[in-house]
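Chain lettering (A, B, C, D, E, F and G) follows the sequence in which the chains are written, and residue indices restart at 1 in each chain.
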Amino acid sequence: MTQAISVEEIKAAMEAAVPGCRAEILRNESPSAQHSLLIDHEHAVNVAAFLRDDMALRLDFCSCVSGVDWPDREITEKVKVKKTVTTPEGEAQEQDVEETRKTMIPGFLEAVYHLFSIEKKHGPVVLRMRTVNRGGDARLPSLTPVWRSAEFQEREAFDLYGIVFEGHPDLRRILMWEGFADYPMRKDYVPPAEDDVEAVAK
Amino acid sequence: MTQAPVQQLDQIFVMLKHWLVGYVPAAAQPVVSSLLSVVAILALFPALFAFTTVLERKGLGRMQNRYGPNRVGPFGLLQPLADGIKSLTKEDVVPRTADKAVHFMAPLLLVAASFLAYAVLPVGRNMAAVNLDAGVLYFFAVGAVAELAVFMAGWSSHNKYSLLGAMRAIAQMISYEVPLILSSLAVIMAAGSLSTVEIAGRQAGYSGIWPHWYVLTPWGLAGFLLFMIAATAETNRSPFDLPEGESEIIAGYYTEYSGFKFALFFLGEYLGMFAISGLGITLFLGGWSAPFSFLTWIPSWIWFFAKLLALIAVFIWMRGTLPRLRMDQLMNFAWKFMLPMALLVMVSAGVWRFLPHGVLRWIVCFVMIAVPYVLLGRGLLQGKKIGKRTYRFAE
Amino acid sequence: MSAMVTRVVLEEEESARGVEGELLEISMGPHHPSTHGVFRMDVRLDGERVTRLKPVFGYLHRNHEKIAEKASYLAAIPYTDRLDYLCSMTNNWGYALAVEKLAGIPVPERAEYIRVITAELTRLQNHASLIGFLLQDMGASGTPLMYAFREREKILDLFESLTGARMMCNYMRFGGVRVDCSSEWLEAAQNIASSFPQFLDEYEQLLTGNEILMARTQGVGALSAELAVNAGITGPMLRASGVNYDLRKVDRYGIYDRFTFRVPLGDHGDVYDRYMIRLLEMRESVKILEQALAAIPEGPIIDPKTRLRGLRPKAGEAYGRIEGPKGELGFFLISDGSTNPYRYKVRPPSMINLTVLEDMCLGRNVADVVVILGSVDIVMGEVDR
Amino acid sequence: MVVADNPWMTIVLLLFGALAFGTAPLALAWLWSKKFSPRKPGPDKNSIYECGLESEGDAWVRFHASYYLYAIVFLIFDVEAVFLLPFAVSFTRLSAGACIAMLVFLLLLVEGLIWAWQKGVLTWA
Amino acid sequence: MSLSFLILALLTLGGAVAAMTLHRLVHCVLALTVALAGLAGLYLNLGAQFVGLAQILVYVGAVAILIVFAVLLTRGAEIASQMDSSRQGRFSALAGGVATAAAVFAVLAWVVLHSPTLSAPAATMTQVAPQAAMQQIGDALMRRYVLPLEVMGLMLTAALIGAVILALEEKPEAQ
Amino acid sequence: MDQELKIELSKHGIFTTTFEELYNWGRKNSVWPLTFGLACCAIEMIATTMARYDLARFGAEVFRASPRQADLMIVSGTVTKKMAPQVVRLYNQMPEPKYVIAMGACAISGGPFRDGYNVLKGIDRYIPVDVHIPGCPPRPEALMHAFITLQKKIDAQQLTGEERPRHLKANEPSEFPVPEFGEHGLEPAQNPDVFHPLRILGQ
Amino acid sequence: MLGEGIVKGLAETARNFLGSFVDEERLTTVEYPEERLPQAEAARNFPFLIYDGDDAEKGLRCVACQICEKECPPRCIHIEKSKDKKPDYVGKQQFYPAVFDIDVSVCMSCQICVEVCPFEAIRMDTQFELSTDDRFGGLLWTKAELAKTNEYYHSIHPTEAGETDARLDEEKAKVAAKAKPAEAEMQAKA
């Protein structure tokens, strides 16, 4: 697996080719070192088309499309803050106080595209897109018009995660039945309470 | 060696019938005589059907490196009995939206049509239920009724697969009926008769040890092959089993049939297969006559059934080997290969008569058939760019 | 790029006809003898010609990914067996490879050889049975399938004596394989490798020259290289369309760079090419087997430093892929540093290969649909997961 | 030959016999279900089978014209065959001229066939 | 009038009546087939084996199938039967039918009464052996009626061409 | 058939007994399975019919694709909630007498996948099962064992009397309600008329 | 030429048909209930518990550590730890399972319980003829049904059992060796 071109180079090429596009490099610290590019919604299709058609890159093969759920996270961190504390003596005094601060990181849904080049035989290049939130605005542009291979996988991400891919030719539930209300692969999905026969527990 | 006992064995059933008929009053004799023939047909061929189902299952098994049914009764021979009992006691389900009367009549009609065909089959010397002078025509006319039965079954079920199967079946049966009739015309031309009894009788002579079977002429051989191919298609056997192509349309026109009605369809199909094989034997393979003059001491009916079993074995063999054709290929084959070939066989049979005996007419007739065969075959394959291919390799 | 061209044409044709009500709408499946499991195609027929075909699946969606995200890295391995249930060995390998990438685990030499041997045996039995099933769909009453399963049983016997199970081997581990193989086992594998070409000859004798087979498959379900690449088709199906892309050559994962073998390529991309490519691939697999069996070294079979139970890879992600018998089998893992994968995603080759099913089937008839589907080589366990 | 029967009587008897052969087991099966194993129709059981789904749309739809075309061509050739049969029977006693007359008849039809072939009528769709 | 004739005539008539009165078109076709088969039976009853069997082969085997296809082709299997159900329409249809039938019958009767066979003395109508009958038909066809035979062939070809042209309009993509 | 049963049967009279024996003999030797493969187990089911194991020896190789002609439904593999209505409908469409073999862990209880949100925890929640064969997947021999168990079961069935099997009783149902797709799962989650667990968790 | 391939195919099936009467390779059927293939030594189906000696209760190797219960992918094992302890094979006081159930209707025969068991207490059985019409009674195996002797283990997996025994013996020897000096010390102290 030759990663001939680094993420930085791709980012630069991308920004040069698609004016106004914003991309962010997300580092992957694991031994696999498959870093990814987070791209914005508005230019995603253009960026994708560029990646596919650029003669140097020719990322003609979109292998894998995955949905990922990142629910709201509460990060608890201890911060040293200077605070004016009223001492028992009644004096106002500035002090370094350690304080636990809770920050809510709003959740979002993510679609990860693994791209390869069949022609140049390099890859993977990892593209990511993130929705604004996990609720009503879970929308992403569909890359199916660029790579047909994303068709079923985007449908699957829609089915199981609830990511709405705008511009998808046929966005319906694919694995679950029509009329199913939940998005079962989300981390906060709770399956319906069924009478579970646990013969072991007799 | 005395001829008498051999002849007696040959005619044993005929004599038996005479003997039995002799016991009834003269007025009832024709009826009883007919009845005896009818009962013989009604008993014999269904029994053969039962036997063939085991034979088929075991034969296929052997071709596929396995035993096939061998536990029910000795060597699995009672398997059809078990199947019969099961079918008889199985619930009979008729779809709510089906056309019930037609749905009920279809299997009966198919079985009746299949049975009727046996009336003209000479299963041995002097052993035909009736000797119609238009016997062959009668056979085809009765066979035409089967098409109607199939349509009734498929249409009345109100099931999409059934209807598809029925339409396939009719299109297939009508397409192959033409080459079927045309290829038998060659024999009729040579024999100068439409009577099956007479045609069989014509072939009972010998030159040296060789029999006068029509299959032993170039046009006869070609005609026989065409006839058997068309017969395979007429009876919906593999590789022409599209109407019940399980992998495509479930069970074709009898998808909605259960219980014994389904068994009747099965029976009807097999009876049709025996009947048409029997006709093939009568027309081309010398009917009940022995293959060599020195084997005439074996009773004629044994020869007939031996030939029948051999043809059945070939049917089973083909079923075990060949994949199924597609509808358009099937129709193409019927109209663009079988029909021209059948016409040529007819013409060559005519030429055969006008040419003098000798090597020349063999060559002429052979060429008349072989050359178009090669050309038409090539047209079928190369017209569609079908052939073996070579492949590239990347290191 | 004209990836969407076919679709547009189809809809135009449909509206032009304007006889929607007069066409026969049939659902083929989920219970249909030749949908290879519980697959369904909603087909619209004009006579017998297909004017629309929508694949419907999910009838075997058994939540593999969700279950794996709730289970430890080790516990996911037996579940991978049940993805493509004909090829548990390659599934194991794909997953092990992804975890090895994620956690940076080395694999000992001998284990790599055993992996190659078992994977190629898997490929042999998968391709052989696939051709059997394809012929079954074509209406050959079981004979090719029976012959294929006769050979498959021999390979399954090998698997059973090595791993204890016929189908669900649960054999590979991240960092190696579970148990070592004996020299008798290698000998038995050698026997199979050397007798397999005879079986292939028999198969070819039985089928390859058969006019009916050729007529049924040639020119049927043709897939252009352009569309194949764009639709993410992989495996023998892609190579039948003439694209030279075999991960064993491209990624050189494991130790595939040590073996000499060729990649057969088709020129038409039709069903016949797919059939032939698989036959030829089997012959190449036999070559790999012979080489691997001759060169297998002694040594440990699993990385001793790796913890199987309670593996906690560093937070991060990895995408690992192998050339499964059906195509590119990929596993995408995200670790959050705990004992369970945070995200576990399978890239199922047979599901993505279905993307072009409609394109291949339009304008053909029902009998072709069955054969085309058969040539795609799907296993519902993998399609639906 | 056996007792010189009226062939049609045998055939009619055979027809009735065959019908009885088909009906008898059906009657038996009906009796069996009356006596022992009651039939149990139901809304699902008596609905149309369609791969396990509920059948939608009508099965009795308009069919393709090619079926009709084949039926026409078949009818023509069937009639032709009917004419050929008496010819074949008396063929052995016919002169070459009569045979040529038949050949002309044949060729006329073959020409029609070839025409239909060229027109693509014989191409199944 | 023999018993067999009676049965066959009833069968034919019954089939014909059913073909006109049944509601489902496919049923009508099946009833028509019965009528055609009954007619064939009548031929056979008269000793005209060849004609009777040919009638079954052609009419039951081919024409009935053709009509079936035609019925399925028009998809009118259900709808058409409801067509023209107004009283007046029915009446006029009935009247027209009766008139046509009467006309046909009149013409047939005239032809039959003037046919030479009827006027010939009974003695000349020799009872031919069946086998000879087949051959006689063949001989007559190939000698006396050879010209009509060729005309027949021409007509059949014309019919083929005509029908195909008509049907091809239904099937534009075949051209 | 054990001796006791024979004696019991002879009370019904020779006629019935012979009938019964013949009936059971016919049924047990002509069990035609429905061509019905769901998942992994289906491959082993196919392997069972193949040359090495050859289910045909028992006369059971006639796999019928149409439920109208089938006697036995081998539920071979995971039944998902999406598939369950179809399975029940197919079962309903089979004519009586009909039998069910639940092959493999998934068919019996949902097996390894029972925690999945789309997996039915055992087909016996909706239709009555005659024989269960555990294993994941069961070996082909195990399926044959199940088949032989079924044959024995058929052989022991009575034609008359109160002990006679379900399909001979007029008031017992031969079809069962097909569950419907709900917003969160199947409705109802099981059919209490069929499903008699030892105890339901949480009760 | 048309028909060539078909004839070849027919020849192939004929060869197999005729071969089935003479060649074992061409008739591979094993007539199951009467004939069986020898099972592979490694074959596995469902787990069982090993006990040493004659008493299943006493000799059970399982110490109810519940690792297998936790690691079992489909979670088909149910263990309840005992309140008291009993000596294990080296004489150490250990808990034992008061309840040890395996739901074979769920078990996926993956062998992970065997792999993770540190006490060589659970192994895979090869028994597969388990079909039953008793859904709940027949498919839930309790401790009594699961416990099998070491000899049984030897009879189905001889090589593996030999290795296990060797390992256990080694451990025992180690413990004994450790115990001896300790004992000696004790004695010395005394």
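The rule is short, and it goes like this: contacts are C-beta pairs under 8 Å (C-beta built on N, C-alpha and C of every residue); 3 or more make two chains touch, one makes a residue touch a chain.
The chain list, named the UniProt way, goes like this: D = NADH-quinone oxidoreductase subunit; E = NADH-quinone oxidoreductase subunit J; F = NADH-quinone oxidoreductase subunit B; G = 4Fe-4S dicluster domain-containing protein.
Everything numeric in this text was worked out from a predicted model, so none of it was measured.
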Chain E reached from chain B - shortest hop count over touching chains: 1
Chains in simultaneous contact with chain C and chain E: B, D
Chains touching both chain C and chain D, listed by label: B, F
Chain pair bearing the highest count of C-beta contacts: B-D
Chain whose mean Cα position lies farthest from chain A: E
Greatest separation from chain C - chain, by CA centre: E
Mean-CA-position distance for chain F and chain A (Å): 46
Chain centre separation in whole Å, for chain E relative to chain A (CA means): 76
Distance from the mean Cα position of chain C to that of chain B, given in whole angstrom: 43
Between chain F and chain E, distance of the C-alpha-averaged centres to the nearest whole Å: 54
Residues of chain A engaged with two or more neighbouring chains: 175-177, 184, 197, 199, 201-202
In chain F, residues with contacts to at least two other chains: 35, 50-52, 54, 57, 65-66, 68, 82, 86, 90, 93, 95-97, 109, 112-113, 115, 117-118, 122, 136, 139, 167, 174, 197-198
Contacts with two or more other chains, residues of chain B listed in rising order: 63-67, 87-93, 132, 134, 137, 155, 160-161, 167, 170, 174, 177, 192-194, 246, 250, 255-256, 259, 320-322, 327-328, 381
Touching residues (chain side chain C, partner chain D) in the complex: 19, 22-32, 40, 46-49
Residues of chain F defined as touching chain B within the complex: 22-23, 25-30, 32, 35, 50-52, 54, 56-59, 61, 64-66, 68-69, 71, 93, 95-97, 167, 174
Contact footprint of chain G on chain B as seen in their complex: 59, 62-67, 317-318, 320-322, 373-374, 376-378, 380-381
Chain F to chain A touching residues, read off their complex: 82, 109, 117-118, 121-122, 181-185, 189-190, 197-203
Parts of chain D lying in touch with chain C, wherever the complex brings them together: 50-53, 56-57, 59, 61-64, 66-67, 125
